[in-house]
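Sharing a structure below in structure tokens format, with a few things to ask.
To keep things simple, chains are lettered A, B, C and D as they appear, and every chain counts its residues starting from 1.
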Amino acid sequence: MKRQGPVLVAFVTGVIVLAGYFFNSQTVVDMSTQIVRWQNIVAAFALALGGVNMFRLHGKNIIGRKKNWVYSCIFMVAFVSYFVLGVAKSTTSAEYQYIWQNLYQPAASTMYSFTLFYMTSACWRAFRIRNWQAAVLMVTGAVVLLGQVGIGAAISEAIPAVSAWIIDTPNAAAIRAITIGGSLGMVVMSIRVILGLERTYMAGRQD
Amino acid sequence: MQQLKQTHIIWIVLTVAVLLPLIFPLKLPLGPSPEGEAAYSFIDNLPQGSISIMVLETAPSNEGELWPMALAVARHHMEKQHRIIMATFVPDGTMYAEKIRALAESDYGYVYGKDLVILPYRAGGETALASMADNIRAAYQQDHYGTPLTDYPLWADVKSIKDISVISCYTAGDDHLWLARHVWAKYQVPCISGNIALSTPEAIVYFKNGQLVGLISGVKGAAFYEQKINMPGLATQSMDAQSIGHLYLLLLMIGGNIVYWKQKKDGKNGKQGAKKNV
Amino acid sequence: MVQGRLASLTLLLVLTGVLWFSAEAFKKTGVLRIRRIPGLDAIDELVGRVTEMGRPMAFVLGGTALEAQGFASMRILDYVASQSAKYDARLFVVAPLPEMEPMCQEIMRAAYLREGKVEEYNPSDVLYMPGDGSKAGVLGLYQREKVAGAMLFGNYYYESMLFAEAANLAGASQIGGTANYHQLPFFVASCDYTLISEEIFAAGTYLSKEPTEVGGLTAGEVGKALAVVLMIIGSLLATFGNDSISTLLTK
Amino acid sequence: MSNDPKIWLAAIMSLGIYSYLFKENPFFRVCEHLYLGLSLAHLAVMGWTNVRDLGLTPLKNGQWSALIPVVLGVLLFARFIPGMAWLSRYSLAYLVGVAAAVTITGVIDAGIITQIRGAIIPLNSLNAVFTLIANVTAISVFFFIIGSRGENGSVLGNKTFQKLIDKSALVGRFILMVSFGAVFGTTIMARLGLFIPRLKFLFGDWIHLIPPVK
């Protein structure tokens, strides 16, 4: 029940979806689309998991008056009130959109723009020509980097042309190789999941 | 502490360098973009009334690159009076769909339900897109506002994915691959990918294989598209700042390496990190 | 049978068959014929160098969810832990997910036990650093402990750049490995050695010697060989106006 | 400077987050926790909307088949209950089983067959020959068994062939590095693309230093 059952579930659903792809039988195709559609519902439940995890973590912080519990309160207030607002008045309501536009959106895009800062200082300190591979990478990197923007074309017409050739030809070949290899890896891994040979998703001390 | 100070100087210079061309534009050239051209002319050649799906995988984490291009393509569709269905598989996508709806209604006289529909967000990523492709009418029964889709005249013309003239996505993820896998490979509906510049080295292979009919790459692609439809906007404005930013990072990299090689020559480098590798 | 899917189905069946047979064959013979991954030599070299310098090293796992790359990386950790136990190099492990922390502790303990040094294993050397907060934590660890070697394996995103810089500030050598092609450039540019995409899986299989994984690796290899053969023959035929291979693939 | 309270709110939030770049501080912490709470709540609301529309509404209308995914979804939370945690494996098995099959249907054609077909080109130009060589050598980097000369001997046992694979893998690595260079070059645009709109907001919408787009 604890191990064989789940393996069987993965096997049956997997085989039906595969059969629906390869064969014309209307019954199988219907079953397959149904199973895939159900998966979206289960995945929707999974969206709340992260929230529940953090809710527990910050809840413990507050109850135990742990270090920085005040910040946990802020998290709680934001989480609970926004969730209630969304469920009660729907995401299309003006209030919900106001908070999304003016608090959430600016915070999120600012947070993600940090990556540029890290990259800039890494350019100065970490990206070094240590071996021939890094040398090849950085030289082509420099050409493509300039070819991406107007200043490259302003320096020389050749830069965007060479950059486009790099992206079109050697790069396309390399990505194609990685895609074929990676896709084969994904297919093989998926076969192992469906056949119940790969069970790491059941890891953890649950028995 | 010394190091931290140095980092802050690097960052402040970055901010100023990027800010200046935003205030004082340089008007640098843009260069060609054959894959963007392909996307433009495909949409441009669709007859009036064609139905297109825009998959808005846009979020605050990537809107800098994706929102300008989504806006440009949406405007193009509206100029040509195509009907638009907006779908999304990321939780933030509908917020951007509503912005497009507002624009369509105010600037182009679009009527919601007749010319344009917003489908609700669906969880599940690739499988959600696959179920849309396999049976769109079963995958969606209501729109984003909870109204039954059968109430709308637009929906009457959508029996299956094959009634769609083109599907475009705006993604920082793998949606361009999902479209190639589940829409083009299975149903031969033409797909256009609008993706962040970083995905282009990968997406270009799909374009070359014919799995995508067009490709809009990052801010540059968006700026190109804005110029094609003759409506310079957010992307065009930021291209000069992009130029200076790129140049600054390149100079930092070159400078960093000069310091590194000098230190190595002087033997001051604390570690023997530069050993040769295979 | 749906039109145009014969080639796919054939390929799928071939791969399944190869996987099965080679897994069975490996179970019987136990002989693994696989190229030694150069990245593993680089690991040995790094452990040696760190030992000489008498400073610790760090193994930083990347990831936002527990998936294939994470498991392959933990198999590599198993090896690194053994090596460092053998040569008495102190090893810090950074786990980004709550599920990973106990797994890493178990791996470390087992490795020290194998080398007969279980009393030297300190569970608090496995650090749990989740989310964006961890990024600063890793920086602090490098500085505080004067880390001389860092290994970054797993499902990495933008943090690869931050860690690269941190290692450089601390004067540490690095080895990286990920299958996320968008981060590979940064690993190659900042690490002394990089395991590129599939190499981390191959290294995992090489180290774990789990039969169905060996079978999977073999099946993938057959697929790649087939791809190369079809490309070469197909292109040669196409040069002379014969597109039978392309047609075959659309069947 | 703007006098719209909305813009001020967004600007304060942005500055709070940016303050981290100078030093970790309470202002940042407040903004960070606010952001975290909002973002997880947004996810949960979106999840709830999907569950309601796809699961609960059909159930109310008597479509009992919707019970299956709803039960599987609820079981996901069993992991928080000691002793019942194993129940969540059923939901996980369903998720990974379907995802695995969908992956196969997706990539087997688009990721393998079509890629091979795309690589088959008539060799009528230098560029075409180069492309084929690049394709083949790049794949050979990932030959782990055919290229083996490991402790248990080689699979094919032919020295010349192995040397050829070695050489090919070396060329392949070169090709890969060129490709990574291209990725490197394009990444910077993505990163700047995140920062420039923030600058435009702070220095344009907020303090009106940058002229607005026409």
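We adopt the following convention: a contact is a pair of C-beta atoms (placed from the backbone, for glycine too) under 8 Å apart; a residue touches a chain by one contact, two chains touch by 3 or more.
Everything numeric in this text was worked out from a predicted model, so none of it was measured.
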Remotest chain, chain C as reference, centres from CA atoms: B
Pair joined by more contacting C-beta pairs (C-D or A-D): A-D
Nearest-to-centre chain - CA centroid comparison: D
Rounded Å distance, chain B centre to chain D centre (Cα mean): 14
Where chain A and chain D are represented by their mean Cα positions, the distance between them in whole Å: 4
Rounded Å distance, chain A centre to chain C centre (Cα mean): 19
Overlap residues in chain A, where contacts from two or more other chains coincide: 18, 21, 36-37, 39-41, 43-44, 46-47, 90-91, 100-101, 104-109, 111-113, 115-117, 119, 121, 125-128, 130-131, 133-134, 137-138, 141-142, 145-149, 167, 171-172, 175-176, 178-182, 184, 187, 189, 191, 201, 204
Residues of chain D touching at least two other chains: 21, 42-43, 46-47, 49-50, 98-99, 102-105, 107-109, 111-112, 115-119, 135, 139, 141-142, 176-177, 179-184, 186-189, 192, 194-195, 197-198
Sites on chain B at which at least two other chains make contact: 11, 61-64, 91, 122-123, 127, 130, 146, 197-198, 200-202, 205, 208, 218, 220, 242, 246, 249, 273-274, 277
Residues of chain D touching chain C in the complex: 24, 104, 108-109, 112-113, 115-117, 119-124, 128, 132, 135-136, 139-155, 176-177, 180-181, 183-184, 187
List of chain C residues in touch with chain D within their complex: 5, 7-8, 11-12, 31-37, 136, 181-182, 184-186, 188-189, 196-199, 202, 217-218, 221, 223-225, 227-228, 230-232, 234-236, 238-239, 241, 243, 245-246, 249-250
Chain C partner contacts - residues on chain A that touch it in the complex: 18, 21-24, 111, 115, 118-119, 121-122, 125-128, 130-131, 133-134, 137-138, 141, 175, 178, 180-182, 184-185, 187-189, 191-192, 195, 197-198, 200-201, 203-205
Complex interface listing, chain A residues touching chain D: 2-3, 5-7, 9-18, 21, 34-52, 54, 56, 68, 71-72, 74-83, 86-87, 90-91, 98-117, 119, 133-134, 136-149, 163, 166-167, 169-184, 186-187, 189-191, 193-194, 201-202, 204, 206-207
Contact set on chain C toward chain A in their complex: 1-2, 5, 8-9, 12, 15-16, 19, 23, 66, 68, 71, 99, 102-103, 132, 158, 161-162, 164-165, 167-169, 179, 181, 185-186, 188-190, 192, 194, 197-198, 201, 212, 216, 219-220, 223-224, 227
